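Shared between the two complexes below is chain A, which has chain B as its partner in the first and chain C in the second.
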Partner chain A sequence: MHPAIQAILTIVIGVGGCIGYFWASNLFLDKVLFPARGPEAGRNIGRANMIRPWLFLAPAMIALGLYLAYPVFATLKLSLFSKGGDTFVGFGNYAAMMGEAKFWESMRSNALWLVVVPAAATAFGLLAAQLTDRIWWGNIAKSLIFMPMAISFVGASVIWKLIYDARAADQAQIGLLNTIWMKFEGGIGSVLILQILPAIMLGVFAALMVWLLWSLIAPMARGMREGIWTRLGRILGAAITLGLALVTAGWAIGAMTADLPYGTPQTWLTIPFWNNFFLMAVLIWIQTGFAMVILSAALRGVPEDTIEAAILDGANAFQIFFKIKVPQIMGTIVVVWTTITIVVLKVFDIVRAMTNGQWGSQVLANYMYDKLFTAQDWGVGSAAAMVIMLLVTPILVWNVYSARKEMR
Partner chain B sequence: MANLKLVGVEKAYGEVKVLKDIDLDIKSGELIVFVGPSGCGKSTLLRMIAGLERITGGDFTIDDVRMNEVPPSERGIAMVFQSYALYPHMTVRDNMAFALKLAKTPQSEIDAAIDKAARVLQLTPYLDRLPKALSGGQRQRVAIGRAIVRNPKVYLFDEPLSNLDAALRVATRIEIAQLKEAMPDSTMIYVTHDQVEAMTLASRIVVLAGGGIAQVGTPLELYERPENEFVAQFIGSPSMNLLSGEIVETGARTRIRLEGGGEAWSTIATEARDKGLKVNLGVRPEDLVPASEGTGLYTGEVEITEALGEVTLLYFKKDGDRQVVAKLPGIHRELRHASVTLTADPAKIHLFSNGRSLLYRDG
Partner chain C sequence: MDNIAGSKPALTWAVHISAVLLVALWVFPTLGLLVSSFRTSDQIAGSGWWQALSTQEARMPAIRLKGEEALKDGVFMIEGNLFDASGAEISRWGINSKDVEAFEAGETTALPSGEALTVEADGTYRLSSTQSMADLRMPRVFVTAETPPQFTLDNYDTVLFKPAPGQSVGKAFLNTLTVSIPATIIPILIAAFAAYALAWMEFPGRALLVAAVVGLLVVPLQLALIPLLQFHNAIGIGKGYLGVWLAHTGFGLPLAIYLLRNYMAGLPRDIIENAKVDGATDFQIFTKIILPLSFPALASFAIFQFLWTWNDLLVAMVFLGTTDNEMVLTGTLLNLMGSRGGDWEILSASAFISIAVPLAVFFAMQKYLVRGLLAGSVK
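Moving on, here comes the complex of A and B:
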């Protein structure tokens, strides 16, 4: 049979089966089990309505239980057993994993992804949402920015692999990045664009972080009374911004002093540490569209008169954006941020397709895959899966909590 | 302390002019109320004064300084929105402080201004709450407080009471009146569609209709001497009765014969050439009194009576699309389905020709 016909048949049987299930089960409930006639008609209707929600929930609950809940426990069990799954080793697999350099490399990469991708995608999404808000071609721009969402991670990886492609120096470069790179010959223009400009941008970012740091601790310095959690949040935020400020300042100096290898095509994906960022670009490119669509809807939901009141109060465009609009959509920003964070923690396809975790770009999900299916080590592979789950769960809980709060 | 002047102000959206030829002089310390039916452009005019809508023609000045192109925050105005427009993520204190902080006012001055406004508006216990933890009336007071702390030259109110329930509306209306009393120098412009608010608050009312000003005057002027049929019918509830007829006797007093066969005298003076002029006679429901048959200006059958306690409204059987309504003191349920003849004091009779009052004829 032709695969297309098989697919259509599957759809017909699947959808038909669902309709058939709901129709038949409700018919059974109303006509046979608790019929709405006879001396107990009223009571039967009540009882049938008590059961009905469970009829609708049952398929989903069974499927989720079978394919989600059971595997969690099975994985937990596997992670406590040896490679073949026959002898109990306790936390031996976890201990072995902790001793592996590749695992810590994955943890470091994941941490990097976790900081950069959600922040960048949310920031770009917010920027795109705001900039496309009131212009006639805004919707066209939004469609274009949203389009990568329709591309699979593997497909996107292939596209970006071509962008990062490198040929020998005497051949024509087909990779976009190398084509641009080869235009720089080391003159004043190159220094300006590749060293001074990035240094300034990083410096501005670092300054921004310092400013943010100050605005976080200034109220504490003034001795403002506040709850313990707010204070903890402030300290945590201050620590993060301080770290980011120091790192970016360091990078800014690095960019200024770097000795760039002009004239040699670069195999971008093999440059340790920095290749992580070239991989992240793919996910940011995809997730920006998602962030933009959600945040655009949220921005439209900001009451127009609060903006007008701010105009009358003398706020300029930046103040309106950062002090009136952004705080009002903070709940949505959190939901978008955490949603992307969960995607990031699970990132697998991009790394698999582009570097397969080589050159210092390993991530947890690909590490797990390597252990499970390449090395056939069910114990350590499952332990890696449990680690991913443990990392995702708190963010997921917070995500669901914020999303529910937003809906109220 | 501000005199506002609008000269030939207009608002056009493309080809469509929603407001045109608006000439208005507002003196310092006045409380001006814009009233009119929905869609008459009263809110648009207020927003043009605020600077939220562009003025597409004419001149708008505050204290002789042209304001057309001045940004809203530099016009010395503060506005209270219909929906309050409080910043939901800021406490009451921060809501009130926002404008002052943007203007880089010293913190001590900000605190002083907020404390003072909070005392006046009885908001002191609520300063650290978020707007969502306040009742509708309290939110309204915060919105007013946000305007007060800026110490503006002109206060703008855009239907500030329409989101409150009836009892709170009366209470807040009185509060606004007291607020005005406490700040005799401030100029206020107040938009409403509620004529009770207009009549009770205004030092002068601007009635807007069809994109222009129908009449400007004190509440009593509008009630007693409406310039045209629109204002006559818009002010007062139920609205003024209009009966068509023609002038049959002129002089210091005018006699009008009405189409229904009735006759009436008016104290409005007319000239000999007015004899035979087709007019609409206007008389307010509360000015109609019962008369013996054959001597009144209107006779008809009462269709419905509404006894409100201190007065009874009589709705007469419709003649075409015109229905006469009378408001009699006391309770008169027995008049239902009865034939009643009505007359009125000649001094209370209004005469309109082509929609304009004969009182305001030139020459």
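Moving on, here comes the complex of A and C:
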């Protein structure tokens, strides 16, 4: 049968079947099983109304159970069995996976993605929301920034691959990035823009982290009385900020002392470690529109009297933004951040299309796909899937918790 | 608003300029691909797409002279034009690959073998010698020429109607359509009934079910691949469209139920209670009142699901298969990137065909998309 005919038939059967099911099961319940007449009419109506919700829910619950809930447990089971799925090996697959360099490379890349993409997309989204809300052509601007949301990850990869394209040095460069790169010839301007400026920016960020670190541990140094959890939180925060400060300071020094290969076109996607950032740019480009739309709505919801009060008190535009608006939309920022985090944890298409995990750019989802369908190793592949599930779980718990809180 | 205290012109300008820069940064990548898809492969390789509208100066591949010699005033001459027909204008030329820009247009030079060669700006050349050039190996000429801007639809023609084996974008387009339309329509109905039950019917365990749906929203579909493939094989569906439709339906349901439930729960209670007092059954309330009122939410979910199924790569790769006949657009594009990564004229046209439909849907139905996003996230 031709697939198109099959598709139309499926639509007809699917839609007709759904309507038919709901209509017929309702009819059966009301007329045959518990008819609303005779001596037990009242009781029957009550009984029918107890069953009806489950009639309405049944198809959805079966589909959800079969296609989302059951696979979690089936995958857990598969991850404890050997390659073909027949002998029980306990945590053998997890141990084998931990011993693979590619797995740790994926974990490192994923960690990098998890820090950079949500942060950058949210920051750009906030910037875009704030800018476009203040201009008369803001809606057009919003539309254009939002547009990449409609483009597939693979399509976006093609778009960005053209930007990263590299040709031999004596040919015309058709990639935008290499064209810009070839404009730098190593003179004072290049050093200023490519080395001193990034170093200053990284240095400022490192200094900011040190300041944050100090403000976190200062109350403890003064011997303030606090609960054990607050104290643990402070120590954890201090460790993270210290780590970030050291890393960025290291990068700042690296940027200053780097010997950049001026005059040679770069194949950006094959530079280990840095290629991760070129891949992330694609996802940031896609997700910024999402962040912008939601944050823009939240910004418009900020009560005007708080802003008026701030203006009367002499606050400038930056103070209004960072001290009045941002704190009031913090809840929305968290929602945006976690939504993008989930997208990042599952990122697959972009890496598959642009580097396929070569040159140090492997990520968990692509590692899992390679294990499942290239190496045909269901055990280790399922173990990798369980790692993704484990990383999503905190967000899952948090979402369920806040949804329940809201329903009360 | 924030400018009640008056706004500074400098700040307004800064906002406008930053917004323009930001929009440009977001539009340029797509624009680059769009422009490239209308250029010939020589043009794409010869200059960046941002130069497509300007007259381009580019070095052309070496051209070997050809022509019949004629005897004129005791001098043997060969005359002709380097170009077949185009408005190209030569700025510099050379006869040695080591120095391709040795001469200006109109200059005359002596070849190593003794002949004199003149190349004019419009491409006409004159080779003259005192001896016959019948057995001379004709020289090659390297030219740097300016060509006027030129656009073509040939790339789309090639990609759609004359594809190389296994790279049929037209076929993939139909396959994608076949996957995404049923996969968009079927979950809507199933979800709508469930959402109504969760929003307006009283029964024990309702809160628990809503929480479960919220939890399932973030379960990565990566976990479902192997178990579902096994399940499909066990019940005899195997790989095929039916499997993809079912998988997309299952994966789309949590968002559908969540969006629709939130929307239906916000509908005015009076309408539903009045209908109940008038003797309407739940089924009637649902089909006659709730469903028409929920149109905005249904539309926003439909757009989400359509974009998601159209753009999906993983589910199609796993549940449909990867042979030439079963490829969806994203899969074909992925193959093209591997096998013809340097052929930007093919790649850009194919990519544009694949993103044209979602872009059209996006621009036509943006209102509902935004509404759906806000309903799903801002709470």
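The rule is short, and it goes like this: the second predicted complex is superposed on the first by the 354 of 408 C-alpha atoms of A that agree within 3 Å, B and C clash if a C-alpha of one lies under 4 Å from a C-alpha of the other, contacts with A are read in each partner's own complex, and residues count from 1 in each chain.
The rule is short, and it goes like this: a residue touches a chain if its C-beta (ideal position, glycine included) is under 8 Å from a C-beta of that chain, and two chains touch if they have at least 3 such contacts.
Remember, it's a predicted structure, so these values are computed and weren't measured experimentally.
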Chain A as common anchor, with chain B and chain C clashing or fitting: fit
Touched partner set for A:Ile388, first chain B, second chain C, both or neither: second
Superposition-derived comparison: chain B or chain C, residues of chain A touched: C
Which superposed partner A:Lys161 touches (first chain B, second chain C, both, neither): second
Which of chain B and chain C A:Leu396 touches, first, second, both or neither: second
Which of chain B and chain C A:Thr306 touches, first, second, both or neither: first
Partner chain in contact with A:Pro327 - chain B first, chain C second, else both or neither: first
First, second, both or neither for A:Lys102, with chain B first and chain C second: neither
Which of chain B and chain C A:Lys83 touches, first, second, both or neither: neither
Chain B versus chain C as contact partner of A:Pro59, first or second or both or neither: second
Contacts of A:Gln319 with chain B and chain C, given as first, second, both or neither: first
Least C-alpha distance (whole Å) that remains between chain C and chain B when both complexes are overlaid: 5
Common interface positions of chain A, toward chain B and toward chain C: 308, 311
For the chain A and chain C complex, residues of the former touching the latter: 3-4, 6-7, 10-11, 14-15, 18-19, 22-23, 26, 30, 49-50, 52-54, 56-57, 59-61, 63-64, 66-72, 74-75, 78, 124, 127-128, 131-132, 134-135, 138, 141, 143-155, 157-163, 165, 171-176, 179, 285, 288-290, 293-294, 297-298, 304, 307-308, 311, 317, 320, 332, 335-336, 339, 342, 345-346, 348-349, 352-353, 365, 368-369, 372-373, 378, 381-382, 385-386, 388-389, 392, 395-396, 399-400, 403-404, 406-407
Complex contacts: residues of chain A adjacent to chain B: 303, 305-306, 308-315, 319, 323-324, 327-328, 330
Touching residues (chain side chain C, partner chain A) in the complex: 1-2, 4-5, 11-12, 15-16, 18-19, 22-23, 26-30, 32-33, 36, 44-50, 58, 174-175, 177-178, 181-182, 185-186, 189-191, 193-194, 196-198, 201-203, 206-207, 209-228, 230-231, 241-242, 245-247, 249-251, 253-254, 257, 281-283, 286, 307, 310-314, 318, 329-330, 333-334, 337, 341, 344, 347-348, 351, 354-355, 358-359, 361-363, 366, 369-370, 373-374, 377-379
Chain B residues within the chain A interface of the complex: 50-52, 72-74, 77-79, 81-83, 85-90, 98-99, 102-103, 146, 150
